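The two complexes that follow have chain A in common; it is paired with chain B in the first and with chain C in the second.
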Partner chain A sequence: MNTIFKNQYYLILKHGIKMELADKERLISPILFATTMLILFAFGIGETSEDLIIKIFLAQTFLTLLFSLQITFARIFDPDEKDKVFQLLQCYPINHAAWFLGKYTLVILVGSLVLVPTMLLAGLLNHNPKAPLLTPEIFLIAFLALAGLASIGVLLSAMTLKASGREVLFPLIYFPLSTPVLLAAIQSSQVLLSGNNSDILWQWVGLLVCFDVIYVTLGILLFGELAGSE
Partner chain B sequence: MLSIKSLSFAFQHRPLFKEINFDLVPGKLVHLIGENGTGKSTFLSLIAGFRTPNEGSISYFNDKGEEVDDRRVYIEYLSAEANGLYTKMDATQNLTFWSKLRGHKYSTQQMVEELKKWGLGHPLVRTNFAVEKFSTGMKRRLALARLNLSACPCWLLDEPIYGLDTKGIDLFKSAILNHKESGGMAFIVSHDTYPLKELIDEKIEIGAK
Partner chain C sequence: MIILDKKQLITGCIFFVMLMLAWYWSLFVVTTEEHQGDVYRIIYLHVPSVFTAFLSAFILLCMSILGLWKKSYKSVQVGLASAEVGLLFTFLGLATGSIWGKPTWGTWWTWDARLTTTFILALLYCGYILLWNSVQSNLMRIKVCSVLGIMIAANIPIIYKSVTWWRTLHQPPSIFRRGGSSMSPEILSLLLINIAIMLAIGIWLIIQRYKNITLGEDLEEESYLQIRQQEGG
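So, the complex of A and B:
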């Protein structure tokens, strides 16, 4: 990795972390949203039979993650939007891939802070003493889903930065694009927790990884276009 | 040297300027003049690379006379309506971020000296005090400090003295003078010409018939 790329990547990431810490409301609100949503689900659904617990756990967890992560992603360029910082960044000699990956890593970090408590709470609310839901493998699948969603999130957030009606436009594009990642993540989790055929599990995990690679590659390629001149 | 050849730009069907040819040479400050809406800021945004011209070219030649691939390395831009500052960060964090992004490794002492130069050197102002709490003039001073630390030979200044008090204007004049003496060059857009008149070397009218 060349030095300029590495320095700019770390600088953007480090600066992004500082910005998140300086404005904690941005971090707390998706976690609060996720908590509220899971509690509402728990009250709404109530006691369930054991054979349904896995399905309900997965539906609750991934639906909650989809919405709460969308809040996180949509706000990732907020500090850059103020005072025309993004415009100034455009005329700085920044490697666009370093810029994208810096933001992408930041989104993964911030997203993890939403993902982990969401999964822990969902696991607690759907506690199943016979078959534990919160296994390391489930967390791994959720992180793979986050890796794909984060790339779409950064790209769309930058894309809709100057768009009027951004609040409407972002979810309109984000939700359809997130479907293959979510589908693969839910299916692989379900196969894993049901203890079914491991071949099917690897097929779904493979699909999830494929979409992660596609979205990250697209992110790197398209972000350069967005960050360049009009 | 910044070389502009046959530059034309139009917003859809509304032409702003046509066939501008100009060479901005080291040590010169060029004042862009014209009525409101004639395209002075747009002209700067074309040079900064935010927009693509309809026709013509903008090239930057380094000290050796070689054309450079990425002119962003040599150009620093100051917008009219904004300062490009992270409002939740303090002055030192802002300066550190922008200068590191250009690959400069200034020491803390150098940062403090620069901030002192612009009247922002007090410890209670330069650290742990978010820029969002700064006055308009203080924000402009900080943006000018960033410009000065960029060490870029070509400055694009859009209404740079907006919000500055008399002392701030003097500081800006001194910075411009140093910049010119060290071989720097600048385009400036300002409707408040009086404080800058002794610094301006040439004028270009944008949108002239």
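So, the complex of A and C:
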């Protein structure tokens, strides 16, 4: 990594973190949304038998994450657009891969701040003393899912920046594209928590990593096209 | 221009006559399948439709790459045409699969991996068409639609492999598989003919739709010019 690339990457990341800290509502609202959704899920489903706990925990957690992360992703370029930073960076000879990776890292950081409390709360609501749900491996799988979802999020956010009816368009494209990542994450978590065959677990984790690589590579390759000046 | 249109019309008519003949053959001439009975005959419409939907995704991928590489608006117009045709054939594939599913599986719809992933493809095609319509600038359209086109195509291998990756109600691949096809030569050859004709129709429809899109945009531009001239005059 050359120095210019590194400097540009850090500057974009630093600016993004400053912007997120300056407007705390942007961070708090997805967490509040996730909490509300989890409580509604728990209220709607009620008492469940032990054999269903794993399935319900995973469905609740990953769906809540998907919805609340979507709120985070859809607004990731909003401060840049408001302050005309996006337009300025388009004119500046910036390395587009550094720009993408800077935003991608920011989304991972912000996404983690939504992911961790959501998982902790979901684990608490579905607490099972016989079989712990919140293992380090589950967190690892969730972070792998976040890595894939974040890349789609940054790309789509940049894609729909100039589109009319963006609020409807973003989820309409984001949900179908995130399905492979979500499927692989849920299936691998289910195999892991039910203590089934480790070969199957590795197949699903392999698919998850594979899609992370595909989406991040596509992000690095295609973001430049979206961010290039008109 | 008129001669070209006539040629296209004749080509289209030939394809549709061929399709009718192939369907007649599929419905009334070819022998009934041993286990499923006559209901199996829907595969002569179902499988070609799904293959044409995949072909549309492939054309969309090629046009998206070309669009980004050459910044060509025409490529993205072909991309839109293939997304629309792809959507049509995806829904046709889903509908025929559903009709086949009722007597075979006992249900019109099940959240089977192949069905779900194919439904997702239909949603992605819808998303592409909506994105196209919600972006106004031509250059932005080239960029955003091409990026989405590439992302849609990245999902095709999952749909194709879904029946081998997951244990599903949908049967595993029976045409292209290791050790040769599991179908009888008579059924297979007629199915391949149906697929070839449907693919040709798919390409023909994409070409027609592309022409339609360009004509629509030209007319729109022309009408704006006329309004401006009238306002100026």
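In this section, the second predicted complex is superposed on the first by the 229 of 230 C-alpha atoms of A that agree within 3 Å, B and C clash if a C-alpha of one lies under 4 Å from a C-alpha of the other, contacts with A are read in each partner's own complex, and residues count from 1 in each chain.
In the analysis below, a residue touches a chain if its C-beta (ideal position, glycine included) is under 8 Å from a C-beta of that chain, and two chains touch if they have at least 3 such contacts.
Computed from a prediction, not measured in an experiment: that's the story for all the values here.
Enquirer: Scan A:His127 for contacts with chain B and chain C and give back first, second, both or neither.
Expert: Touch partners of A:His127: none, neither chain B nor chain C.
Enquirer: Does chain B (first) or chain C (second) touch A:Lys6, or do both, or does neither?
Expert: neither
Enquirer: Does chain B (first) or chain C (second) touch A:Cys91, or do both, or does neither?
Expert: A:Cys91 sits against chain B, while chain C stays out of touch.
Enquirer: Based on the superposed arrangement, let me know which partner A:Lys82 touches: chain B (first), chain C (second), both, or neither?
Expert: First partner only.
Enquirer: Between chain B and chain C, whom does A:Leu169 touch in the aligned arrangement: first, second, both, or neither?
Expert: second
Enquirer: Once the two structures are fitted together, what part of chain A is touched by chain B and by chain C alike?
Expert: The answer is residues 228, 230 of chain A.
Enquirer: Touching chain A in the complex: which residues of chain C?
Expert: My answer: residues 68, 116-117, 120-121, 123-124, 126-127, 130-131, 134-137, 139-140, 143-144, 146-148, 150-151, 154-155, 158, 165.
Enquirer: Under the stated contact criterion, what part of chain A meets chain C in this complex?
Expert: 152, 155, 159-160, 162-166, 169, 172-173, 175-177, 179-180, 203, 207, 214, 218, 222, 225-226, 228, 230
Enquirer: Within their complex, state which residues of chain B touch chain A.
Expert: Interface residues on the chain B side: 48-52, 70, 72-73, 75, 77, 79, 81-89, 93, 97-98, 100-103, 130.
Enquirer: Which residues of chain A touch chain B once you look at their complex with the stated criterion?
Expert: Per the stated touch rule, the residues are 4, 7-8, 11, 15, 18-19, 22-23, 79, 82-85, 87-94, 228-230.
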